[in-house]
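Letters A, B, C and D name the chains as they come in the text, with residue numbers starting at 1 for each one.
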């Protein structure tokens, strides 16, 4: 059999571990070969690809962040218009199955290809942990680890200077990174996109800490945080692809408000891209390796139109339709309990 | 309400995070107080305890390995003989519910107390990940991370010197740490207690690598590994509590055999106690925090005789009987697939 | 003897290791006691202090970032006006020698106190490594490590997306962190405050990489970087205490220029406060421990008006006047060689 | 010009950073080319070599432990007998200067080649920090960091179980790693090869801790530690190349003695090879990069028979004779002060 894989959308620690595992499983269990398309769907459309061999080179990428195949974002219209080209390219290259690795958007594309007759097995990828149908995605643990390590460091500097420290973490649409890094880092308040915040609540939680004699506070803010309608003047950003208002620099905006209302020394740290780069955690390497192996096996067993997923201790196959359509959000009651306990 | 907690058995990163979370949840959600018994069951029997307050001190232990309560191992006979004393001590201290944190042995004790009328909620703890009924236990991720980091380091030194490197990791009865660290660390062979090894298989896998032109090999061995009957002379250790043969220094013994049969330079590293100490990973801090909160809530809701457990994304309650009796082993087919892919 | 210590200015990993070492050396070598003034010079002026005991508590702070004594910035006028109060407070508390730990400003204050008859031994502290007369200061290695770890992570994400990545690191007046993190992190260009940059040089170095077929570039920018007069429009910040122009968000401004001139995807990460917080590196703990011990010994030997300093492998005493007056800058030729090799 | 380099002796984090820096400096500053001999002196003798290009591949090795050139140990007799062959090989390959990277033994060889007319610039390498004439060598900081991280982890597990924990670290002839890791890790006693230990002193220091109410102790032992004549029965190892007695498993032997005399629970961890593998610290990457650049420049300036060396903040050239002959030992008074303060 001859498999093809590609990585699409934002990069994510563990992508290379998936690629390696697809290649090794295909080679050692089935004697199959693997092709990698470059720069996401674009490479598939333009027939830019490399052969991936089960050698020392592929073995070594396990630890490497990013993706050796490069990634890209292709407009859905161009993608759909390219169906015949894609089919022709796959036929020319002798590909029996395609394993795209990507987030909700990529899996939507994968489903559409599958619906149009291409044998596809998807692998979910998102550092945001917002893909439906799977407990966790690789990259998420690394992002949370990086953010937590940063929060650990900010505790001591905040405490030494009696400061409120705002930490803006990734999460444009969902607050999983904020929730987990906030819990792991012992944050004193956490703001997530799913629950528009009332600045009064944050201010009160902060003041309560100082009234209790504490000298500092750490507040974790997901980049997609937004104020509850009518509670705070906030500079808005662009309208997003779903037609929704967005806000940028929300961490800094919240900092300004706390400063104004509490007369505290407030600082903001925006963690940014370090959350999505670098060597994956052991946990993410295991998950990515298992995803890759399961996807290669599913392809060999002809289970197309599916997507690998983590359920408890097991890697299962779900229908691609389960993985797309909506994003997996943080359950509100879970968020509220965390805020009530640590807020 | 007035809760008591204690930590029993081997220490484990995340114990303090559980204690902190019990205290904070009890205090902030229910206005309850918490007592900590010292040195495991012994402290309960001897009524040695401290009050745990929801203050900056307890907040800070989130990152700290070990257990601020100390731990210990009490002989089951002494433990059972002490039932009336335990009841009296709990009554004197005004304890409404007891939350013991420990491994299979401790949870067995917890179940016995529960069967004898003491209101108990258990929290499973094991770096080995061998407690039944829960997907993962805190401490396991930290142990795997430490072992993986060590394996990462050994790759480059093994490669520079054309060596076979044996890494002995924790896991006396089960091979979870070996399996996951082996996958995450890109080991070339992994040996676990559940599957007695044939030294021939290890030697062949090693030789195959060198025949393919590779210059080195990394082999991960769980400390509880044992040879298949009749395949290798091995120095035995003591008979364990289950009446089974044990082997010590199995990593070194395997190294000696490979050296003898392959004429390769072989070295052994025994990771030992560093796997169970130190700051927990972000992942373990989240799991431990969620366990502690769930246990405190279960106690307040009167759900006694239960044990918290991770199922997928959720923390559930299971009956204590589900958690004890047997150890959770690595599924053989999962092990074999890992070995066949990477062996 | 009875010593006093205090920490002043920005916090820095290793401050607690110095405090611990002063206390342990004073106690174990001389049987002396130690007092800690709170919040820098302010605590000395307001006589807010704590006794520091050679116990498990002090032992444990070795790993902890920040300073258990708190820190602060006192206006030099207020400080000088308080001389008699300071003398009175020291006399009341029975202090025989004062060991202030701080940067160039703090050491200036220490020198002034010494000139006015107070027995002082200084300990230099700066994550920026800009204090004269000593090879390195503690905190610097930790800052460089944190920045390097971040740069390591940014390589893979920049490469996967064919991006130019700007990393703004600490260093308002000197470029040591940028220089070392740039070398350690394999940056492709580094900008430091000592050498005003010509945006053309950065653009050319970037373009050269892309012309050579590389897919990405990493550029490290010290926060105090400034454009060569007349080479680039740059938004200015406030006039600093030396009457000089300053620029804020220079990383982002350089990013905008590169984007405009190269039509590349350019992103900026501002590392900020994570560089100055958290557990010190082993190297910084050793240096801080040696500084503390040497300062305590100097105090007992009556070598006042001095400051501890690292020279090669040795800790020496220098005159406080050597440590103040100018900042230690990166030698231009060393900077140019690094840029020419890696630029 | 055409340079050659090779790596000889035990591997060490930072070797690849030196190689990279030699190649980049030679290429970018001088337009020169570089050849790498494989497996140490053996490759030079057997004329096995690769061309090293200033490309993305060489750029990437900055972070990689070990040595891409492989290493080896060649018997001095064979080495010396091969002089004419070496000269012929260098002439055939058109080599103008040779830059061997290695420890005391390698530098001795380098000096001998230099004395015999070969243009040589040496680069000192040793994780043990035992080369004379230079403040520090790369790899040492990484080894100390790994050992310190391990000791950090052992504190919490030792404390939770009221244990004495022995940590055996590298250092067969000198105690630098033990001294620095002991200071950085807050060890309670440290044993180094330079000062034969009296087991009574270690036992007393341990007992003192328990008498003072502490619950545990951490003791760092260099692998080359040896008992003071007549103070303890110790199993001996082989006679070493200098004709001296050696002891193996000294950590375990000390543990046994403490156990016997103190009736404490004592455990031993032998850190082993993880200290010499893996990604170098930022500090080691900077030092290695500077060494490589300085060596390449020295070669181009015709300063043969020299060796690069760190003196304070500067990289200087010393005569190769300064680097060889004796090992740099820990000064006894420095050791005694550390033990008296923390013992």
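We take it that contacts are C-beta pairs under 8 Å (C-beta built on N, C-alpha and C of every residue); 3 or more make two chains touch, one makes a residue touch a chain.
Fair warning: this is a prediction, and the values are worked out from it, not measured in the lab.
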Could you run down the chains that neighbour subunit C and subunit D together?
none
From the C-alpha centres, identify the chain that is farthest from subunit B.
C
Whole-Å distance, C-alpha centre of subunit B to that of subunit C, is 41
Please tell me the distance, in whole Å, between the geometric centres of subunit A and subunit C computed from their C-alpha atoms.
35
Residues within subunit D bordering two or more other chains
149, 152
Could you tell me which shape the graph of touching chains takes: line, ring, star, complete or other?
ring
Applying that definition of touch, give me each pair of chains that meets it.
A-B, A-C, B-D, C-D
Along subunit B, where are the residues that touch subunit D in the complex?
7, 10-11, 13, 15, 64-67, 70-71, 146, 149-150, 152-162, 165, 215, 267-274, 276-279
For subunit B, which residues are in contact with subunit A within the complex?
21, 24-25, 28-29, 56, 59, 62-63, 135-136, 141, 144-145, 147-149, 152, 180-181, 183-186, 214, 281-283, 285-286, 289-290, 293, 311-313, 337, 340-342
